[in-house]
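The two complexes that follow have chain A in common; it is paired with chain B in the first and with chain C in the second.
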Partner chain A sequence: MIYSYYPGCTLKDRAKQMDIYARKCADVLGIALKELPEWQCCGAVYPAASDEIAPRLSAVRALMNTEEGKLVTMCSACHHVLKRTNFDWNRDENFRQKANNYMKPETPYDGSVEVIHFLELLRDEIGFDALKEKVVNPLTGRKIGAFYGCLLLRPGKVLAFDDPENPSIIEDFIRALGAEPVRYPYRNECCGAYVALENKACAEMQVERALNSAVAAGCEELITACPLCMYNLVENATAHKLPVSYFTELLAEALGVKEG
Partner chain B sequence: MENSVKFLTETVLRISGVDPRKCMKCGKCSGTCPNYDAMEYHPHQFVSMVEKGQIEKLMNSDSIYLCLGCMACVERCPRNVAPGKLVGAVAQLKLRQQDMNRKGGNDVAAFADEIVPQQLLMAAMRKYRK
Partner chain C sequence: MQKIGVFVCWCGSNIAGTVDVEAVAEAMKTVPGVVFSTHYQYMCSAAGQKLIADAIHEHHLDGIVVASCSPRMHENTFRKTAEAAGLNPYMVEIANIREQCSWIHKDKEEGTAKAIVLAKAAVAKLLHNKPLTAGTSAVTKRCLVIGGGIAGIQTALDVADAGYEVDIVEQRPTIGGRMAQLDKTFPTLDCSACILTPKMVEAAQNEKINIISYAKVEKVDGFVGNFRATIRKKARCVDETKCTGCSLYMNKCPSKKGKDEFNMEMNNRPAIYIPFAQAIPNVAVIDPEQCVKLKTGKCGLCQKVCTAGAIDYTQQDELMEREYGAIVVATGFKPIDPSPLNEYGYAENADVITSLELERLMNAAGPTKGTLLRPSDLKHPHEIVFIQCVGSRCDENTKRGKPYCSKICCMYTAKHAMLIRDKYPDTKVHVFYIDVRTPGKNFDEFYRRAVEQYGVDYIKGMVGKVAREGDKLMVRGSDLISNQQVEIAADLVVLATAIEPDPSARSIGTMLTASMDTNDFFTEAHAKLRPVESPTAGIFLSGVAQGPKDVPETVAQASAAAAKVIGLLAKDHLVTNPCVAGSDELLCNGCSQCEKVCPYGAITYVDKEVRGPGVREVRRVAQVNPAVCQGCGACTVTCPSGAMDLKGFTNQQIMAEVDAICL
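For the complex of A and B:
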């Protein structure tokens, strides 16, 4: 099965390992991730006002250039921006018209692409039961917490990723790899996000709340799909600390394609 | 020239898509806000102050930069008022004025080091400047 793939800027650099292991795992799972040609940065933030057209254009271009029907994302932020822009495209004529007037594409985007996160691909296209059968190195005995953060889940009606208040997709993923998923109350709360840049104390407070909650519930390690969550959980951890990895690193370990 | 209260209020309502009159004052937004303590004006106050046309007060408060954009208040509002959208819209009104960038491009670039993810720098460019 061939999917178009949008890696995004951070996966080409600071979060390289999320991309590298996703590709290795895709090979094992018989999936072809075809990187979009000449993709542009998604902008990282979905614009705060509905009359902001330009910040959504790079997402529209990515959708327009998707040939495979489904566009796979890995990074929570890219996923968020692309999925919401796609949602807008199909519902907001004002946005669609202005974007087309500006871009003047030969063939306007028809709105037919489906944006799916790699976790959704694993759950909905491959299935966690089938994934379990591909595991050669079950992560038996490891107590792993999912840090969902905000971008994958909210707003729930648009992202339609999982129950925004009581998600289970990453726990089911962890279980499929043979480890023990640990649920904890703050798994779908904020990591401190961009405010970390000018107000480290604020990010430290958010991270401590999450890590305290995770440790109290018995997590021994965390996984995430977001480079910004990763940054905050590691760099702004204070009293409590936990090892954090990207979900694709864990997958690669279980599928036997991660060295060391 | 000063912005009129009417202009500011109508613009915030239009670009946020929020109807503050739907608010039933339950306080769930501020109760769930992870950065409540740091904000001068809390999420529920954004709703009531926009309704009263007190947009300039909000524009001049650091609260617009202390919203984490996590959408907890947006998701959990039982009346679908979504205070976070008001915070975002007010911040846009501020940034759309001449010389009102919170940070310049070089200020943001100065944060780049071996660890900071590109996602964070890009987010700051979007949140702090036009």
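For the complex of A and C:
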């Protein structure tokens, strides 16, 4: 099965290991991730104003250049921007018209691409039961918490990923790899995001609340799909600290393509 | 040729604003058959009706067309006018030029042209009308009340008081309903059981009232005045005539895992039980899911201790058939399950409870004997957060809750907050609200007392997250007045959950062909003017089955429904609708298709000797029972041979109307 793949800037730099292990795992699972040619930054932040067109243009270009019907994303932030832009494209005539007027593409994007996160690919296309059978190195006995953050889940209706208030997809993923998922109430909260630049104390408060809640629930390590969450959970941790890795690293470990 | 008069109504400016009524009246004068045509400001007024009566006499009219509002509004008015003037009331046709014309058009020229066409169609139909005579049917002087909560009890008491027999069919083992579960009632704070149980006893002692508990209505057929219901009385495994309600068996029953429904499943009960001390009938019931004897055949302890010999494990469901003149739907409500609203963490935290669960926790007969202790560790909570509108007033598109306001939550939350502050002054109480809605007699005063005298902290805003941290529940919400995020470390969180119709309502609605809205509340015949009647004749609505209400409103509506029932049962005969179907035996080939589509079971088949031109044989032909037929017309459109026709709406009349519009 061939999928178009949009890695995003961070995965070429700070979050290289998320990308590297995703590709290794894809090989084991018999999936071809075909990187989009000449992709650009997704725009990083989805604009808050509905008449802001320009910040969404690069996402439209990525969608336009997708040949395989499904575009796989890895980073929560890229997934968020691409999925929401795709949603807008199919519903907002004004946005579509203005974007086309500006870009003047030879053939305008027809809105047919489906943006899926790698976790969705694992759940919906491969299936966690089938994934379980591919595990050669079950992570038995490890107590792992999922940190979803906010971008992967919200807005729930648009992302249609999981219940934003009580998600379970990463827990199911952890269970498929043989480890014990630990649910804790603050797993779907904001990590502090870019506020860390202006108000470090605020980010520290957010991270402390999450880590405190995770430790109390019995987590020994965390996984995430978001480079920004990774940054905050590591750099802005204060009283409590936990090892954090990307979900693809954990997957690679279980599939035997990464040293534990 | 008939002599037809046409009367065009202005309806003030409602019609005259968009339709040139004078032009319509003028145009109708040239239509064949019309001998008189005029217009008037309010045709339904006494003066307008006199105008019609005078014209009938003066021009010897034998049919009239009134071009006015919907026939649902005034068809009856004008039929009576015509009848009083000596015309057959079914020689009246209404052209609806208001709802179907003036109200939906803006262009006067187009509106006028359409009004003329509609009036012409009515004349075309009227030319084929035949005088019809209404028949009569008898009235069974007994009323069925479905549901034995405060609504059903009140209706039954009032109907019985007028001298008519009433059967209350209650699905639970006791009557009393939701009100029996409440601790106190607002705004007077009197004990709910203290005011309800005397009414329950009164119902039980009234010789006109027959309480059929632990039963459900399985089938209803017939029509207004003549319903026939099949009622299934479930096997209690306890003889109601022998049981004394002694409770000796309670400690003997080895099964202790049944969930106590009366206490919102917060504690367990034995397999044999009486729901609560004041239950009526005060008779035990055996839960077949939990009873060891019924499941394995071994045990029988309760039978051994029962001195009255009331226990009978072999008891079977009993089916009874009863006849009724009127049926009252009083099926009540249940609180929604807030588990899917994950932000409140109801499913995950024992100390997040619903308001009805709190009622039981505060009640002396509840699982904690009336001491407020939180479920997880049975400690006294010192900081309590109430969250209002949980599942109420939700955006319909999100499918996360109900679009409507549940109406009672603002008041019972104020009640809870006040009672807790009064009994446990060391407890801090916060209430998150969207709006506080307290329009009722002494209601707003009550709410203000909670705020001003009892110091309850009302916070305008909603809650986004309830999360456990240690032994606290962290409640995070927004305070829209100070525009800040607030976080409260609470010991107990109480959700004012939306209420929804009892799950049995949908099937009962279908059984009675009583219409319901998209939320499964029963629809009233007119939202403003006929609020306690269903559009289906003979079906009446009582209590929350029709829409959210508090106790005083429920009781008022229950009495109103009873008044309507009494009005019906007081009649010896009902005038039937003469617009019923009939089959032409010469054309009918006995194919049974009409029987299959008839929703009222009005069609039967008989073998009949048919004599016609060149025909003399015995055939199987359809026959319509005119007392049962409701004139819906389903059979006439289904009949492949054109044998079935509907009086007052014959195929010929409908085609004449269509031709008048299209040709």
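Rule of thumb we're sticking to: the second predicted complex is superposed on the first by the 259 of 260 C-alpha atoms of A that agree within 3 Å, B and C clash if a C-alpha of one lies under 4 Å from a C-alpha of the other, contacts with A are read in each partner's own complex, and residues count from 1 in each chain.
The working rule: contacts are C-beta pairs under 8 Å (C-beta built on N, C-alpha and C of every residue); 3 or more make two chains touch, one makes a residue touch a chain.
Note that this is a predicted model, so its numbers are computed, not measured.
Engineer: Once both complexes are superposed via chain A, do chain B and chain C end up clashing or fitting?
Structural biologist: clash
Engineer: Of the two partner chains, chain B (first) and chain C (second), which one does A:55 touch, if any: first, second, both, or neither?
Structural biologist: It touches chain B, and chain C stays clear.
Engineer: Please indicate which partner A:235 is in contact with in the superposed arrangement: first for chain B, second for chain C, both, or neither.
Structural biologist: first
Engineer: Which holds for A:202: it touches chain B only (first), chain C only (second), both, or neither?
Structural biologist: In the superposition, A:202 touches chain B alone.
Engineer: With both complexes overlaid on chain A, does A:213 touch chain B (first), chain C (second), both or neither?
Structural biologist: Second partner only, chain C.
Engineer: In the superposed model, does chain B or chain C contact more residues of chain A?
Structural biologist: B
Engineer: Touch test for A:38: chain B only (first), chain C only (second), both, or neither?
Structural biologist: Neither partner.
Engineer: With the two structures laid over each other on chain A, which partner does A:93 touch: chain B (first), chain C (second), both, or neither?
Structural biologist: neither
Engineer: Look at A:185 in the shared chain and tell me whether it touches chain B only, chain C only, both, or neither; answer first, second, both or neither.
Structural biologist: The second partner, chain C, only.
Engineer: If we overlay the two complexes on their shared chain A, which of chain B and chain C does A:77 touch? Say first, second, both or neither.
Structural biologist: Touch partner of A:77: chain B, not chain C.
Engineer: After superposing on chain A, which of these stretches of chain C ends up overlapping chain B: 459-467, 567-575 or 621-629?
Structural biologist: 459-467
Engineer: Same chain A residues contacting chain B and chain C, which ones?
Structural biologist: Touching chain B in the first complex and chain C in the second, residues 165, 189 of chain A appear in both lists.
Engineer: In their complex, what parts of chain B are in touch with chain A?
Structural biologist: 14-17, 34-35, 38, 65-66, 68-72, 74-76, 85, 87-89, 91-92, 103, 108, 111, 115-120, 122-124, 126-127
Engineer: Tell me, which parts of chain A touch chain C in their complex?
Structural biologist: Touch residues, chain A against chain C: 157, 163, 165-166, 185-186, 189, 212-213, 216.
Engineer: Please give the residue numbers of chain C that touch chain A in the complex, ascending.
Structural biologist: For this pair, the touching residues of chain C are 341-343, 345, 348, 398, 465, 467-470, 474.
Engineer: Spell out the part of chain A that touches chain B in their complex, as residue ranges.
Structural biologist: Listed in rising order, the residues of chain A that touch chain B are 8-10, 13-15, 41, 43-45, 47-52, 55, 75, 77, 150, 153-156, 164-165, 189-190, 192-199, 202, 206, 209, 226-228, 230-231, 235.
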